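In the two complexes that follow, chain A is the common piece, with chain B as its partner first and chain C second.
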Partner chain A sequence: MSQRASIETRATRRAWWLAAPALIWTLAFFILPFGTMAVLSLWQRTDVGLEATWDLGNYANFLANPAYIQALTNSLEITVTVTILSVLLAYPLAWIIAEEIPERFRRLALALAVIPFWTSYVVRSYAWSLVLAKSGVLNDWLGAVGLGPLDLANSRAATVIGFTHFFTMLLTLSIYASLVQMPPNLRRAAADLGAGAFATFRLIVLPLTLPGVMVGAFLTFALCIGDYVTPQILGGGNDLALPQLIMLQIGRRADLPMAAALSIILMLAVTLAYLGMARWMKVVR
Partner chain B sequence: MTKTNLLAALVGSTCLANAALSQELNALVWCDHTDASFVAPFEEEFGVTVKLKEYEGTGAALSLIETSQPGDWDVLVVDGIDVPRVVAAGILGPLNTDELPYDTLFPELVMEENHVIDGVTYAISEKYGYNTVSFNSEVFTAEDMADMTRLWSGDFAGQLAVYDYYLPVMGMIAVGLGMDTATLSMDDLPAIEEALLALKDSASSVGEVVASQTAIATGEVDILVGGGEWVTAGLTADLPNLDWIIPEQGAVRWSQSIGVFADSAQPDLAQEFVKYVLSPEGQAALATSSCYWAMPANAAAADVLTDDQKRALRWDDQASYLARAQLYPAPDAELDAAMQDVWTRFLAR
Partner chain C sequence: MTRYLACALYMILLYGFIFLPVGVLVLFSFQDGRFPIPPFQGFSLRWHQEVLGDGDLMAALGNSLLVAVASSLVALTLGFLAARAFATARLPGVTALRGALMAPLSVSYLVIGLGLLASFNLMGLSKSLWTVAAGHVVINTPLCFAICAAALGEAQVSAERAARDLGAGEFRVMTLVTAPMILPALIAAFLLSVTFSWDEFIIAFLLSRFDVTLPVEIWSLLRSGLNPKTNAIGSLVFLVSALAILSFELTLARRK
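Entry: the complex of A and B
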């Protein structure tokens, strides 16, 4: 064996050793549980317990049941709405923090942006339910100026508001990170070449910050579509979403195989969103 | 005795004492068992720790049991109508009835047809109540609530919430439609579903125990379908405007039973816990639990409950209520799956 080959072999071994903890972690906490769930989704719940039938019966049941399809549709509609709203709100907010606020106040502004993350997710949802309730804070204010009341509690609108509040902050951080990394010379150069503010934003700023927007949007999509708490508390049980349907299978029917099949479908939706995002980024580049 | 032997004896006795203190009894229960003050007397008397795992709905309990190791659980609290189901699954073991208070149990709560299978007793009733209609008496009168069919007529659109548990609510609708909950069949489901979906159109929210209580207690809604004394009794002092009624058509009676796991590693201790829960003191504490109040199965609890507590529980009206209420539906596996499909459509609407 040549000396060069020996060095390469040692380097490869070293790389494997260094990667081993991450690989073991992924194997133990993602691949094994996911594999178990995939196998379980091919079983059936029977009167006497779980039966290894090895068929796609649970997936067929999902496709044949309009209420289940409705739950997936509800989840997708809520998630897409929240993702779009969060991006539309987060981008200007991140811009203001990165470009308009004096540098000495930026840390404070960022700290204020992440404050919602400091409270428990459940507490935050219940707080929103108090704000949006029939006799809540919002309707008190509206009543004081002769408006309302708005019937927002226990509705899809309440779920979307609760989600958007949380994810706008998440997206603000990822977009802010993209904005501050952008060299200021690029915008100056565009201005020197005669580009107006809108053209500079469209041709320079937006393309360069798009990765941050897409990463934040994907995180929003993945976290939002899998969330059980917010639709349960703010939706008031009026808008069955896929995670709630999964909990129904576990909590009411003890049907772990169907819950596993629905979880796989949920993961499939997230995977498709990721692939779509990756493909779009490739096209844009 | 040398110093070494003395030290060894001291360490040994400390270990034994710790072993006794660290002995755990694991119980799978509804939320009304989770007050620390409820289990404290038993823990003190037997020097053990009672670990309580809360669940809601028999399906949830079965999921937990199926994903546990044999011997993980000692005591199970389960809906009375589901006892035959869990016995058939081999979950509950025989109960020693010798020292249980059958002589003071309300006769309707003995429920031999549910608790005794092939001559063997597997469980005993511990608490009961009604799934019926709770309402805000400042907004509605008892007369407004007397006809159950008005709930799904659209008369109360946006003013009502529904308790999220398919068996009692579908049972209530069956009662409202003049059906017998004990003989429900697949043929009855279309009419029940039609009324249920109409009810959803009027509903502001659908929630589990705590969400349901919160909805009516905070004034978010003025009517709770599926409510009853379990919603209002514990709130009487603070919210005297909350009331409940059994409509003309009747209501559904729920009951909880308690039993010992067949594979419990400490069946004697588990049996002692069942005895404690059925004692007058245990029954009074359970009846006035912070999660929800309801009637104790053992009438001897009357000696421990205060007059105010008995008034809130409507102790003196029980004979009339029991006569007008039907038991939860007890569907077979096929009907149960069909009922849950209806309930999923109700939630997805």
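Entry: the complex of A and C
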């Protein structure tokens, strides 16, 4: 008994040594910086440098400035639009890949659907700006059928298109994963009991895949609302998103405390979305 | 039949949408003209040549590779060791510890980069490729940890126990028993990390100064507007990522 205990103690001690490097790294380069930022958001930028005022001045500034509130609203609107559009586009595609095409082509079809996912995101946004430019490919095609031209460069529509492209691929992957996990017997049973194709989908398939969809949608929300590159390249400088506003603080104004406060607000939005999803999942279960 | 046609049509439309920007990017990198927009004026390799002859771009490419490989090796080591710790012993507060290790995955890269920027500023540490690599280790360690943890199971634990009973020291157990047993997972985690670091922009942008990585250099190219040269370097970057992902897929496929 005592020997067994000592083996376990030794194993635990060894485990601590093994886990220590990763834990220390995470502490030093993630948790402490995050704390630094939280602290910094309570300071002020003054003419002489940073001053430790320990107040909520930056947050009050945020609430008092309509342009800042507008950036948050813009970000939320863009993110919600993108999330909904991406789910609506990705679900049928994932369904077709998982259910309709012959099994031996499935892996290939899925791999093809996500290859451009791996384009560098700076390059991907640039590529969309080529497509959507005033004399770009899209307007060239529209012109050929006697439509257009559409002026999409530097607009919110361009930002939404660029984001939707990326997240459609991400969601196709996550929805496909939940579709193939579904036991086929359930659908067969539903059909045996007289449910039509639509009823089977609504009563069996959709509820079973919804958790996967929700996780994908949350991931979309979190990644989309925090991205600076896509709105900066495709949306331009007029209709600012929150990350653009954050970058403006550290660029032109060198106001690190305000940037920190805005980042905390950004994280708050993501946390609320997460809590919403977690709560919804609990209700469903 | 209608159902079949509808599916085919939807697939064509969606694949078209998905491939449109990459197609346009690559096609117009061969543009024989000054602008990467229609009409396509003919096939030319001059923009690719210009990219290969551009000292700044090639230096940035070298920096990117260096940062990607170095940060991925560190992330893989940290992730692998931590995954072993969690697989072999019951640590107190295991859920909280695992949560802390996975936490960087849920935080926007912009926020991670800003936090590091603020901390390095306060510490008086100057920005360099080292600080970029430290940031990339932060974002890649959770991935490596998760992939290694998924690969470590009962089989590995009992093989380790057997090796230890036979007198192997901890280091030999790790390098001669555990690592070879989960080699495909290690390679996969490494390649995925390399891809993420290779593509990463915002952390590299915030934490670098004179020596920059490729996405940051491309970012500064964008200021000159639409240019086939940007298409050419973009296609090149895409090619590297695609190759890394292809090897990743093959590593995983061989495992089965």
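Heads up, the rule we're going with is that the second predicted complex is superposed on the first by the 256 of 285 C-alpha atoms of A that agree within 3 Å, B and C clash if a C-alpha of one lies under 4 Å from a C-alpha of the other, contacts with A are read in each partner's own complex, and residues count from 1 in each chain.
Convention: a residue touches a chain if its C-beta (ideal position, glycine included) is under 8 Å from a C-beta of that chain, and two chains touch if they have at least 3 such contacts.
Small disclaimer: the values here were computed from a predicted structure and weren't measured.
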Touching A:96 in the superposition: chain B (first), chain C (second), both, neither?
second
Per the contact definition in the header, classify A:124: touching chain B only (first), chain C only (second), both, or neither.
second
Of chain B and chain C, the partner touching more residues of chain A is C
Thinking of the overlay built on chain A, is A:135 touched by chain B (first), by chain C (second), by both, or by neither?
both
Tell me the contact category for A:67 with respect to chain B and chain C: first, second, both or neither.
first
So, does A:30 touch the first partner chain B, the second partner chain C, both, or neither?
second
Who does A:250 touch here: chain B (first), chain C (second), both, or neither?
both
Name the contact category of A:47: first (chain B only), second (chain C only), both, or neither.
first
Could you tell me which stretches of chain A are touched by chain B in one complex and by chain C in the other?
133, 135, 233, 250, 256
Under the stated contact criterion, what part of chain A meets chain C in this complex?
8, 11-12, 14-19, 21-23, 25-27, 29-34, 36-37, 40, 89, 92-93, 96, 100-101, 109, 111-113, 115-116, 118-124, 126-131, 133, 135-137, 140, 165, 168-169, 222-223, 225-229, 233, 243, 246-247, 250, 256, 259-260, 263, 266-267, 270, 274
Flag every residue of chain B that touches chain A in the complex, lowest number first.
55-57, 59-60, 62-63, 66-67, 89, 158, 161-162, 164, 166, 203-207, 211, 218-220, 333, 337, 340-341, 343-345, 347-348
Which of the residues in chain A end up touching chain B in this complex?
47-50, 65-68, 70-71, 74, 133-135, 151, 153-154, 233, 236-238, 240, 244-245, 248, 250-256
Which chain C residues qualify as touching chain A in the complex?
3-4, 7, 10-11, 14-15, 17-22, 24-25, 28, 36-39, 77-79, 81-82, 84-86, 88-91, 97, 100-101, 103-104, 106-112, 114-119, 121-122, 134-135, 137-138, 141, 145, 170, 195, 198-199, 201-202, 206, 214-215, 218-219, 222, 226, 230-231, 234, 237-238, 241-242, 244-245, 249
